[in-house]
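Below is one structure, written out as structure tokens; comments come after it.
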Amino acid sequence: MAGSKEDLTIHINEAWCKGCGICIAFCPKKVLGFNENGKVMMLDRDNCIKCGMCQMRCPDFAIFLGGKE
Amino acid sequence: MNHPLVENYFRMDKFPHIWCPGCGHGIIMASIARAIEKLGLDKDKVCIVSGIGCSSRAPGYMDFNTLHTTHGRALAFATGVKLANPDLEVIVIAGDGDLSAIGGNHLIHSARRNINLTTICFNNNIYGMTGGQYSPTTPTNEKGTTAPYGNIDKPFDIAKLAIGAGATYSARTTAYHVPQMDKLIEAAIKHKGFSLVEAISICPTYYGRKNKKGSVVDMMTWLKDNFVDVKVAEKLPQEKKEGKFLMGEFINIIEPEYTDQYAKIIEHFNK
Amino acid sequence: MARKVKFLQGNEACVEGALMAGMTFYSGYPITPSTEIAELSAEKLPKIGGKFIQMEDEIAGIAAAIGASLTGAKVMTATSGPGFSLKQENIGYAALTEIPLVIVNVQRGGPSTGLPTAPGQGDVMQAMWGTHGDHPVICLTPDSVKETFDLTIRAFNLAEKYRMPVILLTDEITGHMREKIEIPEQSEIEVYNRIKPNLGDNYQAYKVEAGDLVPKMADFGSGFRYHVTGLMHDETGFPSNSTANAGRLMDRLMDKIEANKDDIITYEEIETEDAEYLILAYGGTARTAKAAVKTLRAEGIKVGLFRPITLWPFPNERVNTLSEQVKDIIVAELNYGQLILEVERVVKSNCPVRFCGKANGEVLTPDELIRKFKEVL
Amino acid sequence: MSKQLELRLSGSGGQGLITAGIILAEAALLDHKNAIQTQSYGPEARGGASKAEVIISDKSIDFPKVTLPNMSLALTQIACDKYISDITEDGTIIVDDSIVLPAQLVAKNIYRLPIIKTAIQEVGKEIVANIVALGLIVRLTGIVTDESLEKAILSRIPKGTEDLNKLALKKGYELAEGLLS
Amino acid sequence: MARKVKFLQGNEACVEGALMAGMTFYSGYPITPSTEIAELSAEKLPKIGGKFIQMEDEIAGIAAAIGASLTGAKVMTATSGPGFSLKQENIGYAALTEIPLVIVNVQRGGPSTGLPTAPGQGDVMQAMWGTHGDHPVICLTPDSVKETFDLTIRAFNLAEKYRMPVILLTDEITGHMREKIEIPEQSEIEVYNRIKPNLGDNYQAYKVEAGDLVPKMADFGSGFRYHVTGLMHDETGFPSNSTANAGRLMDRLMDKIEANKDDIITYEEIETEDAEYLILAYGGTARTAKAAVKTLRAEGIKVGLFRPITLWPFPNERVNTLSEQVKDIIVAELNYGQLILEVERVVKSNCPVRFCGKANGEVLTPDELIRKFKEVL
Amino acid sequence: MNHPLVENYFRMDKFPHIWCPGCGHGIIMASIARAIEKLGLDKDKVCIVSGIGCSSRAPGYMDFNTLHTTHGRALAFATGVKLANPDLEVIVIAGDGDLSAIGGNHLIHSARRNINLTTICFNNNIYGMTGGQYSPTTPTNEKGTTAPYGNIDKPFDIAKLAIGAGATYSARTTAYHVPQMDKLIEAAIKHKGFSLVEAISICPTYYGRKNKKGSVVDMMTWLKDNFVDVKVAEKLPQEKKEGKFLMGEFINIIEPEYTDQYAKIIEHFNK
Amino acid sequence: MAGSKEDLTIHINEAWCKGCGICIAFCPKKVLGFNENGKVMMLDRDNCIKCGMCQMRCPDFAIFLGGKE
Amino acid sequence: MSKQLELRLSGSGGQGLITAGIILAEAALLDHKNAIQTQSYGPEARGGASKAEVIISDKSIDFPKVTLPNMSLALTQIACDKYISDITEDGTIIVDDSIVLPAQLVAKNIYRLPIIKTAIQEVGKEIVANIVALGLIVRLTGIVTDESLEKAILSRIPKGTEDLNKLALKKGYELAEGLLS
């Protein structure tokens, strides 16, 4: 697992996302949205504060913070 | 890159899981894994036991010693696992139906014995797996397929029931309040003795649809708006508490633990 | 060192046997006439570092035993009719998940609460068919205190060997009578232990490896993190909806019995070589039959006794062969005719099969059996 | 007495007759005989009359239950009323002298003896009436040797009560000897 | 007025039938694939002043139904395998206490949790032998939606007439398929109601009066203060330890079936008159067999179908007679061979009895059955 | 002359009953009959339901509609009786094992539903019928035939358990405190909703003997000396309460009753 | 049932009495005792205050207040 | 089309295909034909693809299950991937045009049609895609009469949605007519 927030970024596993919209609705920065397939997508990576709430509340393990690679 | 929690604590090849879009069960399952991670438990020494139900499918995804038993009986199986090998950290996952309907007796007896099992109740107030019948936690007047005119039963307060039965740790949290959930589950696992965390989940497919609770997000928002931590509630004026549900730790005390007590009998003969 | 001679009840001998077979865990719920098994287990287990727990009901009793078995313990639960009925769901679970376990049913009289302190043999078919769905069954039944001891050991061994629940079906007669028993030395006793995988093996929890009878069984906590489920599962142990897979799994489970009948089936025969008539009896009622055969033989009647010790799988072949030899078979049991149905099936038209039984809470006396025997002669 | 002994001991729950039956059977084992003991169970055994039965034989015993005893002992009226009339024609009935026997009773020997009284008055403890009874039965039947009986008794009784029980046994023997002489 | 034509699932037809038979009380616990029975009962019962209650488990489900029956209600509970296993103890209670009750088991696949949404017929023997101790059993099995309706009514009638639990053993096939059904007028339906005593009679709760089949049954609360117990009891209903009495009671209970087989047993035969071969099948699998028989007959093969509608008591006599007529019997069922055991017993050496079945969660297809049939030809 | 209560409310030909000398069960059974007498209930409209156990033999002696069911299931049967015919006054008699071991689930669910059943628990802290095994109410460290080294379980507080489950009436009394028992049982029967009276009984034959509790009179004296009414206890100084057990009414509140609520659904369709 | 205390007196049904001694021990006036068969007997009828406690606590319905007859 | 119709309708849980199957079967009953409907159950039906199957025949239908459909419709990719390849050689496959068909698919007719799009764009509600599909199937097969179909639809749909559904049906017919012409 990556270290400081600096090195982290949001990853999305579209194959697992079921499009429930939880992460989108409760993102404090409202930086997430749906793509045309009804899956989650990052709208505004710069404004993501890497709070991890999307990851915590995603029932499908489809969005998470990980190393930038 | 893979989700680190999944990579480390789950059986990745079983994903995506069978739960419906927006089902709260996945949120709670993740929280259990984070608590285990936080506590640094040895995966080989963790045993997850469940009964039957949507929630009870969780163990199949979790990379520990996992046991998917018969409906309602998880705690009874778990009691055998724990007593036979107290070195195992035994965590029980059970739906509200599984735990408090058919499994109610095992719940109260496990609590009474104060055996060191951690029970996480995935409470979605409905029988999800069988298609939306009312459960012992369905609120009065709400509907289920077997309560077409509204449920006339009074629901269990599971956390309170466990206390009445003698539980030494009992808490409630919700699928919205994940940071709190993480902490409570961690505390429950750490607790020496029987512990229960009632985690309020959501079942958009049956409970939500049948009771016109709106979207998944609406249901999560409802959790957000209607639960108050006990500690916070203590300080709130009455009108702010009106109609709200309490969450947080309701009891956390230390009493002799069952497998410890049994070990003492054995010791007695070893002397 | 001389073997210990004891004067024990069948129920006590059961516990002695269990301990010699390696029992380290007992969980159950008391019920007459099986309670002594729980009581003696409660007394003895902690002395050897084992565990006894009285659960809240019979369902929990068997559930805890199954859970304990998964950690590597050799486990037993005992009950009587009403409790046996309650355990049925989890008997099926243990059968499908292949978890070794010994279930003792000390049969009492009647359906429902019936005649709780009286003997009966009304659960013979239930032992085979009590749980829903097809499943493999092994059921043993002793006719003496010593044999209760022996068969308890055998039940544990078979449970471990075939990875399945094994039913020891005794009755109030053998359970409660006290008889002489010589307890062998531990070293004289053959004990079978489940085969465990080695760490590092590519373990598939429900795959039978070449040369094995059953999948190897890892103890929970020993480093294999596998999944156990009562759903149909594949060789990895995970649920599978594939009908092909379900068929394979079920075939394999049923075949544990089918392919190993020679190993599992035992029976006793008395004076059958030249028998013209055959009495078939088992459990406590076999004692009646033994007395009757002696009396009848003394009268010069060529009668023999066939006593199935393994009730399920039933010794079909031997009974069929005998039915070709004798003129008549009389089946004696304390019920309204249960095992006789299997006998009739097996005997086909070879010879008449007659019934001598009752289910009123009394034992069958040798006189009654002789009288019935002579009626049909 | 070469024939198989089929003995019934009956009385009330607390009188130790089951223990007596076991002791007698264990004595028989010590004599290399065969023995089987059975008893009544359940609530019936609790409130009213309880019974223990013992079969002792030189041969192996197939059928384990006493169908018709050839010796039957009762220590209480209730037990007597319930159980005593079952007896072989050539059998022996022994009852405590506190008991009123039913009118038409057919048996070879019928003895009414002060078993409980002996225990109370001559041994000092009512609780050993069962051992008095054992002495009596063994002396009457010779079914086991005195040595085996004593050994069997001593291995079943609480520590510290050896003398008491030995005395009870002796008094039992004496009761029988009084009859035989 | 025209009969109503509906397009219903078997489970729905069951509830329609129950209501026409007079059901006023349902208690149970949901389980796939029986749940629609509970759901529809919950919807319909209050509309007619009846009661529905979802209990905490299956044990409570049947217990509450029995309690309600004692007040005079006509009661039903429905379940599937795992729940059927749990209900066994109280099925024995209802049998011994002679309390009318309909128990529906919509069979699913496998032992334990198995294949919850797949069809199976693995509980056939359990329906007969699932509870401990000897007891009378009536078990009916439909092969269509309409027959599910009819047999539910018949189950209620038999339960009332013989004062006993009656098992309606359906399966996921008939339970879940939708088919056309004409619902008759209430007036066209024969409804049997238990016979009640008159106030003032010298009522002995368990005494069969001259001319009656069973003891009259008073409603709790109607002025007869009697006792009901699962212990062996005498004609007054109070517990009795008398073995003579126990024998009498058990004989009478068992005789309800034995002496009334003609009334209880029904079956269907298709093209058996000139049959040289016989297929025996029941429940959902009979539909497969019907299709197969049509195809085979079209090919000129003289095959007939025997379909037991009453599974227990089994139509022994008719099957025996047929076995003297045909060259071969093939039994088709979704299990590892259950009812075939009874067929073999009855057929004796008259003709070979062969098996065509599976238990992997699939239905048997006509092609499979035909293939198997031709193999053995 | 006959005992008037027996003559009027019991099946005289079944006496003397099977209970052991000094068994507390007879005292409680008498109290129930007196409460029924006091309330002037129609005998034909009273139904007594029990499970299996020594206590559960009571209905056989009582001259009402009586139902002796299977072990632990009395409340489930009673629920059916009551719901099917709410005109019946249904009283459940259950031993501590019957009610709180195997029957625990039915207890908590009956309490939760608030169905108008009156449950009298004959609590002798042991399984009497089967010969003295420890029960869920056997005090820690006491012995039973299956707890030869002393019970390591924590006992249920049955009255509290029922409250945790939602009971609207819950009380405790003892076989010594008969006048109080009469009043509590009467109040429990009168109570509209689920009510529980835990009546502490004595089992001299097994519990007493196994635990050296002395004579029947000693055991009764112990009850006398160790139970204090809650109302009295409120006023007692702490040291006087130390080690004492509480009796009296613990809860007595009114909430919607199950059969009433069901009747409303039916009414709705009758309109 | 009889009316006032005046008309009442203690009745004993020896056949049902199991001699547990409860009534004897807790009789406030200590007017009860055992007879030679170990059953209850009235020792001092005059001092009985007809409080009914013996009746209430007798587990066997063997002692009760009834009309004097 | 005189032959028995063995139809499979597959898609996701909320698309109303089970209702569509029932409606079609009920229409057949109105035409005095025989019909049987079955469907998939369980968690599998929930998450992924669900299916409903209907057999319609002039003769009585013994075997109630569709073993191999002669007509199969799929509205989602998952359903298509799971179910579409089971088809008789002379059968007809219909999929929504959002679906990518597998490579080697053997069937007499394979149609990729804008069913969902039609529902959304031409009727205004995605939810009536099932009715569009019904119109399409019935026009292609003639398995039931238009009158019966309309009657069956109207008796199963929520009050107030009659016009919507009639329009959807018409659009379904038109989709088929486009193919046939």
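The letters A, B, C, D, E, F, G and H name the chains in turn, as written, and every chain counts its residues from 1.
Note that a contact is a pair of C-beta atoms (placed from the backbone, for glycine too) under 8 Å apart; a residue touches a chain by one contact, two chains touch by 3 or more.
Note that the structure is predicted; figures quoted are calculated from it, not measured.
S.K.: With chain B excluded and the rest untouched, write the groups of chains still joined, or say one piece.
M.R.: Apart from chain B, the chains cluster as A | C, D, E, F, G, H.
S.K.: How many steps does it take, at the fewest, to get from chain B to chain D if each step moves to a chain that touches the one before?
M.R.: Minimal hop count between chain B and chain D: 2.
S.K.: Counting a repeat as over half of the contact pairs in common, which of B-E, E-F or B-C repeats C-F?
M.R.: B-E
S.K.: Looking only at C-beta pair counts, which chain-chain interface has the most contacts?
M.R.: C-E
S.K.: Round to the nearest whole Å and give the separation of the Cα centres of chain C and chain E.
M.R.: 30
S.K.: Let me have the rounded angstrom distance from the C-alpha centre of chain B over to the C-alpha centre of chain G, please.
M.R.: 57
S.K.: As a quick test, compute the distance in whole Å between the mean CA positions of chain E and chain F.
M.R.: 38
S.K.: Between chain A and chain D, what is the gap in Å from one C-alpha centre to the other?
M.R.: 86
S.K.: Two or more other chains touching the same residue: where does that happen in chain E?
M.R.: Where chain E meets two or more other chains at a single residue, that happens at 32, 46, 56-57, 59, 82, 89, 93, 112-113, 116, 229-231, 241.
S.K.: Residues of chain D touching 2+ other chains?
M.R.: 44
S.K.: Could you pull out the residues of chain B that touch at least 2 other chains?
M.R.: 19-20, 52, 70, 101-102, 104-105, 109, 129, 136, 149, 262, 265, 268
S.K.: Tell me, which parts of chain D touch chain C in their complex?
M.R.: The contact residues of chain D facing chain C are 22, 25-26, 29, 34-42, 44-45, 62-65, 67.
S.K.: Given the complex with chain F, which residues does chain E contribute to the contact?
M.R.: Against chain F, chain E makes touches at 24-25, 27, 46-47, 49, 51, 53, 55-57, 59-60, 63-73, 75, 89-90, 93, 219-231, 238-239.
S.K.: Can you list the chain F residues touching chain C in their complex?
M.R.: Interface residues on the chain F side: 52, 70-72, 101-102, 104, 127, 129-131, 133-134, 136, 145-149.
S.K.: Please output the residues of chain B touching chain A within their complex, sorted ascending.
M.R.: 1, 3-6, 10, 15-17, 19-27, 30-31, 175-176, 178-179, 182, 204, 215-217, 220-221
S.K.: Which part of chain B faces chain F closely enough to touch in the complex?
M.R.: My answer: residues 101-102, 104-105, 108-109, 112-114, 136, 149, 152-157, 160-166, 255-256, 258, 261-262, 264-265, 268.
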